[in-house]
Each structure stands twice: as C-alpha cells, then as structure tokens.
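In what follows, subunit A forms one complex with subunit B and a second complex with subunit C.
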Partner chain A sequence: MKITHEWHGSKVTKMANNGYNKTLTIVSINGPYRDEAAYTLIRLAHAAKEKGINVNFFNYLDGTLIGHRDQAPKEFPVVEQLFGTVLKKGLKNPKVDAIACIKCTDARGVTKQQTEGVVIGGLYDLGEWTAESDKTILLG
Partner chain B sequence: MSKKVNIIVTQPPYGKEDAFSAIPLAETQAAAGNSPSITFVSGGVHSVVKGQKTSYGDAAVWQKDVPSVEASITKARDSVKFYVLEADLKKRGVSDSEIIEGISKLNIDDLTNRILESEVTLVF
Partner chain C sequence: MTNLLLVLSKDPYTTEIPNLVLDIGLNAKAKGNNVSLYLVEDGVTAARKSEFGNKLQDAKKKGIKILADDKAVQSRGLDGNLVDWVQVKEIGTLLDHIVEDNTRVAWF
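Showing the complex of A and B:
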C-alpha cells in the first residue's frame, strides 16, 4: 500500500507494505568524499534491494550533500550518480525513496540542487518512516 | 507501529552539529507517535552540563548566538527522556551538581538493556 501526502508542494510517497515484506530506513549525516559513509550506504541499499527489501533514505545534516547535483570529483566515483542510480532503479518494487531534510538543505543552500528523485521533507517524515520500517539505522 | 527509539550521542556539543541535531530528531519521533530517548556517552556527556554560554561575541559581527544544546534539552524534556552515562561523566570530572536537572544517570548495564529493549538505536 502506498501512502502519498503533500510536503512543501511535493508529493511524498511512503512505503507502507507494498507487497514486499521488509523496509529499511537509512539515515545519513555525513557528506560525500571526506569519508566512505556515502559509498557504504549506497552499497547497503543496493544489497537490500537485491534481497527484495524496500529502502528509504533520509538525508540529514551534511548527508543532504549526497544528492547534490553536478558533483565532479576527479579521483573518486561520483556519489550523486551512484545515489541517483539506486533511486532510479527503485522506481518499481522493491522501492527506493529519498527525503532530504529541508532545514539542512536550506542551511547549506542546496534545496534546489537535489538530484532527480530526492524529495524535500522534514524530520516528521523520518518519524513516520521509523514507525513504519522494519529497521532504521543511522550511518555517521 | 509505535517504536522505542534509542538515540545515543557520542559527540560533544558545538564541535560538531551532531548533539544539537539529535534533539529535534528525537522530538519529531515523539510527534510521530514513537517513544524517543537520548543517552549521552563519551564526549557527548558535555551536552548535559549546566550554564552553557554560546555567544561568539558582538552580535553585530556574529549575527546571532550558536543555539544552546542545554536550552534544547530543557525544551524537549516533556517529550524526550534524557540519560547520561555516569562513568563517562566521572572520567571527564563532571560532578552531579553541574548537570542539568532531570537527566537520569545510567551505568553500562542499563544502557545495554535500553539497547536490547528498543526497536531502533541510532548513534550520532
């Protein structure tokens, strides 16, 4: 079952049980490149999806930079593209959804620079996702 | 389904954004129907020290004070339970009289039990 609601003009579709048994919510607080956390959570999401598990990304604090458009590192894989690929592959079941915290994106000036598929939302969305998900983890 | 959400803060206030940001996260968990708690451990215990002064100086230059973690804790106490690891307070020489009122002290067995009892544990 999908639950859709409006948040700051955007439609947020949350994954209540949509035919798959499990949902994993991943909270990220670190930005890309300074450490490996972003690559770890993306690999984790890939693996979970392969197992038929729905994934929710809640990007918080510097984690909101993971989905920033136009990243161009010279020597590392592009986190935005890896992240965007997981989101695109998650358009169908099992689903992958992503919300970026609006206070955090506004603070960093990146609200309008989020990659396709990232919805701007708030901490209350995380509270609801936590209540609905089988597991919620924070990668810092 | 309502869940027990056990948030552990290991980072000290002000050096990083983590301690300050864990508190609104906990408050919104309560608003969404979950039961949140925050336990301060390691350097995180400095968040529960009374009398935090957060100004960098002249407001004309610095625009505004950095938000006070102490004030955030005090404001959130109705919806979030706050704990601190006693051994980590002692290690850092923080006495009972220096702690914000209403913060409960835990030992490591208590914290282990809280982790086992909670459906969700998030570590900042």
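Showing the complex of A and C:
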C-alpha cells in the first residue's frame, strides 16, 4: 500500500506499514523525570512501530538511566516499563533495538541494572548505526 | 533546496533557545530553504497568544510552517489558547517529517 502526502508543496509517496523499511536512530542524553523527553521518545517509537519504521535507541550520558530497572516514581508513569514495552514490541519487524553506552552506565553504576532488551555497547555502535540509519536524531 | 525541520521542546521564558531556533529558521528561510518549526513538550507554550506568539506570526508570514504536538497542547490545557493558525498534529506527523529523505532535523 502506498501513501501520498504533501510536504512543502511537493507530493511525497512512500510505502506504508511493513513495506516501509526506513530506520531511525534516536540518541537520548537526558535521564527520565527531569522533562518529557523520555516520554516523547517512547511516543515516537510507538508511532514508528505503527508505520513500520525500525528504531534504534542509543542511550548516552544520563540517557542510560531511562532503561534502569526498579524505577519507582510516585507521581509519574514508570519510564523503564514504558521503554521495556517498546523493546518487547520491537522484537519482530519493524525492529526496535537499544544500546546503552558502557562508559556512561559504568560511571553511573547501572550497567547490570538495565532493563531486558538493552544491550551494553559503545560509541562505535552509534557510529555504525548512524551510518546505517536513514536518520539519526538527538533528543537533548 | 533543503527542507529543514526544527523541533523545539523548550519554552520561551526560561532560556534563549527558542529565540535562537527562530533565528536559525529565519536565516535558513532567507537563504531559500523550506523550514518547518515543530513545537513539542514545553515548546508548545511558544505558540500561546503572546509576544513570542507574535514572533511566530511574523515567521509564518515569511513562509515558515509551524506545527504543535497535540498531546503537549492538551496536557497543558492550551486548547483554544494558541495562535489560531498553528497546526496541531499528532506525533506520527512529526515522525513522517523526520524520516523524509530530503529533510534535515535539528532537535532543541
């Protein structure tokens, strides 16, 4: 199925659903609960899943706290659970992968506390993802 | 010609970032690029009927397309309080623009 829409006056046609094989890499540098960025990236990931876009999450600096297990905020939705749900939904096409930077997780003492589905990696992985992805954005 | 998508997540009353983003957009537009400004999170407050809303009005007159995230607008109770012409869209629209081949994205 093809979808056509208008973007700055020109017609853009693309494949819908699983015919749409683009990959988006999202780099997060902020931890949860300071602002809405973690929720925004999860909403983007759900929208990407619906549109058949693959998503790579690269959690960097304080962003590595997004996938930290056993979060217990009193007044906000638990970011780790929302993030983990996205990762589980992304096991099949379109895929959702997540890497947390090892230097960042080690520094924060959270390397062994990452939620299921998060792989510990490094900046070389981000380099590869950036090269392979259609787009890389940084939420900061 | 490049499509430039600027995503603004900060409000205009705490930092200079929204002014900077607007300057970048206006300069890019003046150089012949297509520019869109997408307001998310606290960035939607920039489109309130206010001094900054008037700046956005001027930017719109110069051809910058301005959109706002629906959930961010609703969660702040800003329905009906934004400048009339801002396009309120769901996040899938933002994603569509992000992944377009000829669009460059900068997130602030």
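Odds and ends about this structure:
Note that in this section the second predicted complex is superposed on the first by the 120 of 140 C-alpha atoms of A that agree within 3 Å, B and C clash if a C-alpha of one lies under 4 Å from a C-alpha of the other, contacts with A are read in each partner's own complex, and residues count from 1 in each chain.
The rule we apply is simple: a residue touches a chain if its C-beta (ideal position, glycine included) is under 8 Å from a C-beta of that chain, and two chains touch if they have at least 3 such contacts.
This is a predicted model, so every value here is computed, not measured.
When both complexes are superposed on subunit A, subunit B and subunit C fit side by side without a clash.
When the two complexes are overlaid on their common chain A, residue A:Arg69 makes contact with neither subunit B nor subunit C. In the superposed model, C is the one of subunit B and subunit C that contacts more residues of subunit A. After overlaying the two complexes on the shared chain, residue contacts for A:Tyr124 are found with subunit B alone; subunit C is out of touch.
Contacts of A:Glu36 after superposition on the shared chain: subunit C is touched, whereas subunit B is not. Applying the stated contact rule after C-alpha superposition, one finds that A:Glu132 touches subunit B and leaves subunit C untouched. In the superposed pair of complexes, A:Ile53 makes contact with subunit C only, with no contact to subunit B. In the superposed model, A:Gly140 lies in contact with both subunit B and subunit C.
Of the two partner chains, neither subunit B nor subunit C is touched by A:Lys88.
Minimum C-alpha separation, subunit B to subunit C, in the superposed model: 6 Å.
According to the touch criterion, the shared surface of subunit A, contacted by subunit B in one complex and subunit C in the other, consists of residues 135, 137-138, 140.
Taken in their complex, subunit A has these residues touching subunit C: 5, 7-8, 12, 22, 24, 35-37, 40, 43-44, 47-48, 50-51, 53, 134-135, 137-140. For subunit B in complex with subunit A, the residues that touch the partner chain are 1-3, 5, 17-18, 21, 24-25, 27-34, 120, 122-124. Considering their complex, residues 3, 7, 9, 34, 36, 40-42, 65, 71-72, 90-92, 94-101, 103, 105, 107 of subunit C touch subunit A. Residues 27, 29, 60-61, 122-124, 126-128, 130-132, 135-138, 140 of subunit A are the ones that touch subunit B when the two sit in their complex.
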